[in-house]
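Chain IDs A, B, C, D, E and F follow the sequence of writing; residue 1 opens each chain.
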Amino acid sequence: MSALLAEVPYWGQSLLRVLGGIVAVLLPAGTIVYIFLFKMMSFMQSRLGPMEAGPYGSMQLFAEVGKWLQKEDIVPERADARIFKMAPVIVLLSTFLLVAVVPFGPDAWFTDFETGIFYALAVSSISVLGILIAGWSSANKYSLLGGLRAAGQLIAYELPMVLAVIGVVIQAETMNLQKIVVAQNSGSMFGIDTFGHPYVISQFIGFVIFMIAIQAELTQAPFDMPIAESELVSGYMTEYSGFRFLIFFIGEFATAGVFAMIASVLFLGGWGVPFSWFGWTSIDSIDNWMNVVGPLIMFTKMMLLVFIIMWIRFSYPRLREDQLQRFAWKGLIPVALLNIAVTSILKVVF
Amino acid sequence: MIAQNIGFWIIAVLMVVSALRVVTTNNVVHAALWLVVVLAGAAGQYILLAAEFVAITQVLVYIGAVMVLFLFGTMLTRARIGAESDLNNSYKKLGIPVGLVMLVAMGLALTRSFGDEKLPESAKVVSIQEVSDQIFGPYLLPFWALSFVLLAAVVGAIVLARKD
Amino acid sequence: MSLTDRVLGDRQQLAYIASQAADARLNVELETEGMTLNIGPQHPATHGTLRIIARLDGEQVVWAEPACGYMHRGYEKLTEVRTYPQVTTLVNRIDWLGSFANEVPFILAAEKLMEVEAPPRAQHIRTILFELSRIANVSLFLGDLGVQLGAITPVFLAFRDREYVLNLIESATGGRFHPNFDRIGGLKDDLPAGWVDETRAVMKKLRGFCDQIEDLLFGNEIFQSRTRGIGVIPREVALQYGLSGANLRASGVDWDLRRDHQLPMAWNKADWKVWTHPDGDSFARCWIRLQETRESTKIVDQLLGSIPAGPVMAKVPKIIKVPEGEAWVSTENPLGEMGYYIVSRGDLGPFRVKIRSASFNNISITPWLLRGVYVPDIVTILASLYFILGDIDR
Amino acid sequence: MNLLAAETEILAPLASGWFLENAWLIPVIPAIAFALIILIGKRLPMKGSELGVASMLASLVLSAGAAYQWIQRVNSATEEQFVEPVIRSWSWWQSGGFDFGIGQHIDGLSVVVLFVVAFISTLVQIYSLEYLRGDRRYTHFFAALTLFSGGMLAMVLADNMILFLLGWEIMGLCSFMLIGHWWEEDANSRAALKAFFTVRTGDMGLLVGISMLYFAANDWTQENLGLSGFSVRGISAWALSGEPNSTVIMVAAIALFIASIGKSGQFPLHTWLPDAMAGPTPVSSLLHSSTMVVAGVFLVARLYPVFFVGLDILGSGGNLIMFIGGITIVISAALAFVQNDIKRVLAYSTVSQLGYMMLGLGAGAWLPAVFHIFTHAFFKACLFLGAGSISHSASHHSFDMKRDMGGLRKVMPITFTTWIISTLALCGVFPFSGFFSKDEIIDNVGNNGYNTFMIVGLVGAFMTAAYMTRATYLTFFGEPRGASAGHSSHESHDAHGSHDTHDIHGDHDDHASHDAHASHGPHESGLLITAPLMILSVLALGSGFLNATPFGESWERMKLWVEPRAVEVVDATYPGGPGESLIVSVPSAEEGKSKSVCGTATPEKGVCYAPKLEHAKFKWSKAMLSMVIVFIGMALSWILSVLLFTKRDARLVGLTQRVKILGVGHRFLVNKYYLDDLYEKVIVRGVAYPISSAAYWFNQNVLDGILHSISNLTRKLSGWVYKNIDQRVVDGTVNNSATFTKSVGTAAQPTQSGKVSQYGALLFSAAAVAALVLVIINT
Amino acid sequence: MPKVPGLVKGLGVTLGTLFNTATKGSNTVQYPHEKETPPIRSRGVIALHQDNCTSCMLCSRSCPDWCIYIEAHKELAPPRREGGKPRQVNLLDRFDIDYALCMYCGICVEVCPFDALFWSPEYEYSEPNIADLLHDKTKLSEWMETVPEAPALEVGADKKKK
Amino acid sequence: MFVNQFLFLAAVLFCIGVYGVIARKNAVLMLMSIELILNSVNINLLTFAMRNGSTDGHTFALYIIAIAAAEVGVGLGLVLLVYRNKKTISVDELSEMRG
């Protein structure tokens, strides 16, 4: 982005970045909600989904937003009002912080952290705070149970997520997301460099673990016990209404989008296409049009991953809380550790 | 440098105010949330001190894990919503002179030792590689010890929290 | 020989021992201060206005008791001031999903008192409709099970295919949910033309639906881990609490009134199987219902081919007065045994009717069953016990 | 330098082989087996014991191969060539400039001990298959036994002191677990703790010694040899280089010797060893007689140059090692007379024999001492296993000789025969193995000019003969008593249950016949028990011939194979591979008086790894003298035993009660010289108690007094303030000052309340004030 | 054949449904835009054939929740045949059915001896105001237009009906 | 930027933490105050690391963070245990040694 915005004054740059961030968060979120939640889920259930607002219900999202915005913002009488109001903002905040490190093109990025992926994992853990205090401050037993469940779950699945990422970091030898993208697209597999080297192939176990962890972090089925409506009546969101619920809602899907973006950066080559197709040699030799096409490629890959997430969400029943924890600690984490060990051994050997 | 100084002072004031709220507020969960602000501020200061990795670790470990544990703990011990009266000792006022005396002592020592010494202007950000060379090189033994401490802590926490 | 040795299978024993261990553990830990959670009366897991008062320790239930009666409508009393034809339209609202099946035992009891018997054609059609209402009922259960366990898709598939069955019932009787089609001495009307072929097609669809549900839900490892070994009801306990229907058969008791009671119905004209399961856990109950749905489609298919010609109404007086006497008839309804005890004094309406509905007995086991389980398991167990609030509260 | 080049060509390279190169596998196999037993042992058909036995067999094969190849290697060397040990090392981990290696160091000493350990471990494990059958923690027992062997083997093979320490500590841990195997019995767990803590006391010495040696030696070894200061080889060379400061090396040697004392049960830390007999008999046999306890001796033998230089061995006036060894021989032999428990007799005998080894090492008789390790292991293991066999099959798990044994020679012929052979070996009767090693020690001690200690050794031999005769008589001769008479009741079983009870004994089907011996009476043990006994007794009889000095030079194979030739190795900065180092000269002690024990002046170019030692010439006259002493001891003891125990001679029975001086001596012995009382009552209570009571008094009176007076004062002050000022001054001021004084008062008054934050407040306020004061003073 | 894991099978089911819906259309109906025709016997609404009603009150009495309100007065009608006595007829003043109460049991239709009541499958008569669900005789008569013919019966039915 | 501005900040935080440890009765709040103290130490370490141009301070700051995590884990385990047994987490009521 620095190259693109060289002529723009500092404040303009900042403004553009903020706007870009909002677009990068809200646009995928809206698309995901419409395509997957409204349409794909309905189709999977032999129905059409919203059809009235706009052609094929395409304006439904705005109708929903309008509905929520005009609903009363109810704060339960015995709730801790300030914290209760703050909680959804914290959740959404973590999403915005998260998107800051995702690269969208050779020059289209917000910040270029050297420890990008580490940063991403760190800020993604902030949302736990929001969920916990949402559960606590609602003064509702179901919410408290939901909040506690969510916190336990998010902490438990953060570990396999970090561990799965380490495999990629070992392979790419960097934590910088931009460099990870470049490493994948300029690499080669078994001497063939036509397809680059997307880590989804060599780090398949890591990819699966990462996707499972994302599923859990997003509290999507089969890991949706924090908001399990048949048990806890939406858990920590029970008491929320109006635009605060909307923020939670946006947060949920925006985070899904951003996590999918990070997964696509880590495992699918992010915004890039294999460099050998166009004869690029390094990141500096990439043509400028990639800054426009790159985000689209990224978006496609993201949608693919979100499709998988949502597909599983609409097909599976949920696990029980103890099964979830057991799965994380006895299944994912050992496998992830093994993956790291194997990866590092292979890295040293080859 | 000016921008950084401004940043420092904003964050510092925020941190001090939040830290004061941590020790004075009469709601445990509020105290935890104020502590989050202090910790986040500390992460900011680390970035000013060219310690990016430590800063992010601070966020990951402190805010992502430690504070969540705190909130967990408070919620499991039925933290009440609203003010609680019995969070402080009867002799809490003793703390003020102690803290002040300590502050004065430290202030005097610091002023005399460092005066208006400045930090190097062009400190480059410490890379992860340097830190890892340190950890797995000369400081390997502490690293091992730390690993054992963590293991012991895990086992200990489980033993403590188990019911049977 | 302890109870466990005598009546339980291997796996069942393990599960039972586990539940007893949970019991013992709870007894030790009773000093911990629990949290009381009111599940219901408005809660998604209770699909109605049932309230489960659960005392929790963490996420574990220490003590639980259902509180019912929020929807009590006083059917037993209402019947006393209605004529016999009017009663049928009331009682098919008891188990609102198994509409037609509610009418049958009442009509049969009244017929028993009047010593009339419906003509064979009417018996056949009654049986077909009875089984259709069972399919409509249980297929919804299969979908709803998914929702209770967090899978959102099965319920839509269930509603989709249940609709076909409801259409059939509607085109035959005129009412989708409350057919009021049964009359003392026969049926209100004969079937409309083309109904038989249509029904055959629908039965095929429903078998497909059963396969789909099996793939989507029953084969799912997560579902199995959520239901297997959860809420184990040993055979003896099931008998002690008076469970009936699939809940009883899932505990290994081979007991089906369709086969065991000699009623003027056509079940014995068809070849079908009573499924039992040795485990007695939630999975067994759900699985039994799935198999029963398949059996029902088979019964319907077979009976459709052998409907005898003839009238659908026996000779009964226009104004129905049931002679003095008492009669008890129960049938194997979708939820379990449903029976009516009619005391008649020779009036236009019954003097006293006692309704035995399955769900009330089925949930009576919950205090025993819910001890020591986790909160999510409450949902599983309630879903697998399968009750209809109307059937509990009447 | 030309000379060097020329000679390199002349000298043939030393033979090596796969077994020597890969000797590191020997400890690794049991370690892996341990992990496997722990992980999957319980699921195996034999509950994991097969893994233990198999791994020990593998180790035995490997060490036998290594021994064979070592002999080949020695034979391939020329007469005066230095036989380079086979050393391989890898870097384990580094931290802060320390480089911790891991590796193997094989020379004659290692090979001998390796073989002994592997051999005895194998037999003991086989023996345990039967002995512990049906035990509750059968799998864990084998796991610990296997890990123990792994630890010991690792220690023996260690090329550096860190690894040595690791093996040493693993052994300590395992012995703790094994002694406390039946920890449900209070006595056992106490014995385990006692052993653990006593040995730990010694281990502190090991740590101190290792660190001292490292810091003293590291620079020299790095510079001259390119080795770390932990390396056994480096330390040896450094000690003999004439470089070290005499005080440093003396202190280090003493520290290391304290570790030896603890581990090898030397006076005054010997008290744990007899108590450790509470463990199962195989444990006693393996750990506390033949292998683990010789670790201390091994330490001295391994780092012999350090002790040699540090403690001035071969000096004129004797040294610490000799003193301790000599004292241990006599006092523990004396203790063995008053024991009724057969295992305790053997335990004290072990202590005494270890004393012999120490005496030998201290007197410069390195080879005889090492040889005694070798022979002692066989006969002592045999004796212990024999004792176990008796208790297992005859005395209904009792070890009490006086109450439950007697007359067993007829019912247990195999056990009896092996016992007699081993006893004769222990007593040092020609031609049993003990004769060749023990006599050699006594001989060499005298030869090196320590006549006093030779007499001590002879007294010890006399006493050994006597107490062993007593024990043999009590066990195998005379009338059967108690359990061995076959009228054992279950009360007696319960009474002795504290020793060796099988926990689920009765539940085990295989034991139906065994369990029936309450009615069947004593019988011979099964093959799994007697086979090890027989093998060991054969070795007890024959192993002495490996170094049979009486028969001339050609029989002294141990000397050839095991003893390092004291040589100077040139160009040792890079020792290179085996066979490449060469000898410039063969210095002897006679060539001038030099600072270096290698014989010459401080070597300019070369390094030497072992001190030059003399060997005594064997004389039949001396041997006959000691034989006579032994036979006198046996005869006397036999007569006394017959009179006392069978005839119940009126003159002897109750003698200790009648003659006061004897009574005092007896009581002194029975109470083990009151050493335990000394430790517990005098040291623990005498030292710790006054200090703590003084602290308590100080706490109660002085501190409380001060605080109470302060608080009273403040209270009075605030009362005064309230009375006088409150009436006059404005309310606000008054309230503030009153609260302040009140808070000071409340804070100061109940300081003994146990409130954490109060302590924190005091701590921090003190620190704050102190800091302030410091800052101001430092201006 | 190796067993396909249940997790994968489940995904297959949802994906299959997705494609089915996309290609063959959904099972739902976009209601206000397209309407399903209910079966002929559907009990949608009760139609009144005023002419047939004799105000005999049978329906009103047999209704389980008494939602039919009938009021009538007697009048003398001209004789059916010339020279006969004038007949006394009941003239229907009010015939209301309260659909807010009606249980759609159909007993009234069944008991009507003069075929004055019919079932119509029409179902679109919801009202924002509950009071408007009380249909009077005019409204009820209007439904008569929608009453279908009685359907043919299935094979084997007893033809001599009524 | 002055060295002292960071060090002063650390000192202030430290003193606030000390006050918290003294004044608070609730065990969880005491643990939080200890976290304040630990963080002030970390600021010091990093300041000196920057001043001296070395990375030792970073290493130890990381170690301290890890230790803090362990401490909180065990500390909260203790608090929960105490709560379960005593139904209070006020440290003042935990003085059974009071003579």
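Keep this in mind: contacts are C-beta pairs under 8 Å (C-beta built on N, C-alpha and C of every residue); 3 or more make two chains touch, one makes a residue touch a chain.
Keep in mind the model is a prediction, meaning the values are calculated, not measured.
J.: Can you name the chains that touch chain A as well as chain F?
T.: Common neighbours, chain A/chain F: B.
J.: Which is the least count of steps on a path of touching chains running from chain B to chain E?
T.: 2
J.: Return the chain pair with more inter-chain C-beta contacts, choosing between C-E and B-F.
T.: Between the chain pairs C-E and B-F, B-F carries more contacts.
J.: Farthest from chain A by Cα centre, which chain is it? Let me know.
T.: Result for the farthest chain: D.
J.: State the chain with the largest centre-to-centre distance from chain B, centres being mean CA positions.
T.: E
J.: What is the distance in Å between the mean C-alpha positions of chain D and chain F?
T.: Spacing between the chain centres: roughly 46 Å.
J.: In angstrom, rounded to a whole number, how far apart do the mean CA points of chain A and chain E lie?
T.: 54
J.: For chain C and chain D, let me know how many angstrom lie between their CA-based centres, rounded off.
T.: 77
J.: For chain C, give me the residues that contact two or more of the other chains.
T.: In chain C, 153, 157, 160, 216-217, 220, 222-223 touch at least two other chains.
J.: Could you list which residues of chain B touch at least two other chains?
T.: Residues 53, 57, 65, 72, 76, 89, 94-95, 98-99, 102, 106, 139, 163 of chain B touch two or more partner chains.
J.: For chain F, write out the residues touching at least two other chains, lowest number first.
T.: In chain F, the residues touching two or more other chains are 18, 21-25, 84, 92.
J.: For chain A, which residues are in contact with chain E within the complex?
T.: 40, 42-48, 51, 311-312, 314-316
J.: Can you name the residues of chain D that touch chain B in the complex?
T.: 93-98, 739-740, 743-744, 746-747, 755, 757-758, 761, 764-765, 767-769, 771-772, 774-776, 779
J.: Considering the complex alone, what residue numbers of chain D touch chain F?
T.: Contacts found on chain D: 752-757, 760-761, 764, 768.
J.: Going by the contact rule set out above, which residues of chain A touch chain C in the complex?
T.: 41, 44-47, 141-142, 145, 221-222, 224-225, 228-233, 314-323
J.: Okay, in this complex, where on chain B does chain F touch?
T.: It comes out as residues 1, 4-5, 8, 12, 15-16, 19-20, 22-23, 28, 31-32, 35, 38-39, 42, 45-46, 48-51, 53-54, 57-58, 61-62, 65-66, 69-70, 72-74, 76-77, 86-89, 92, 94-96, 98-100, 102-103, 106-107, 110-111, 114-120, 123, 126, 130-131, 134-135, 139, 142-143, 146, 149-150, 152-154, 156-161, 163.
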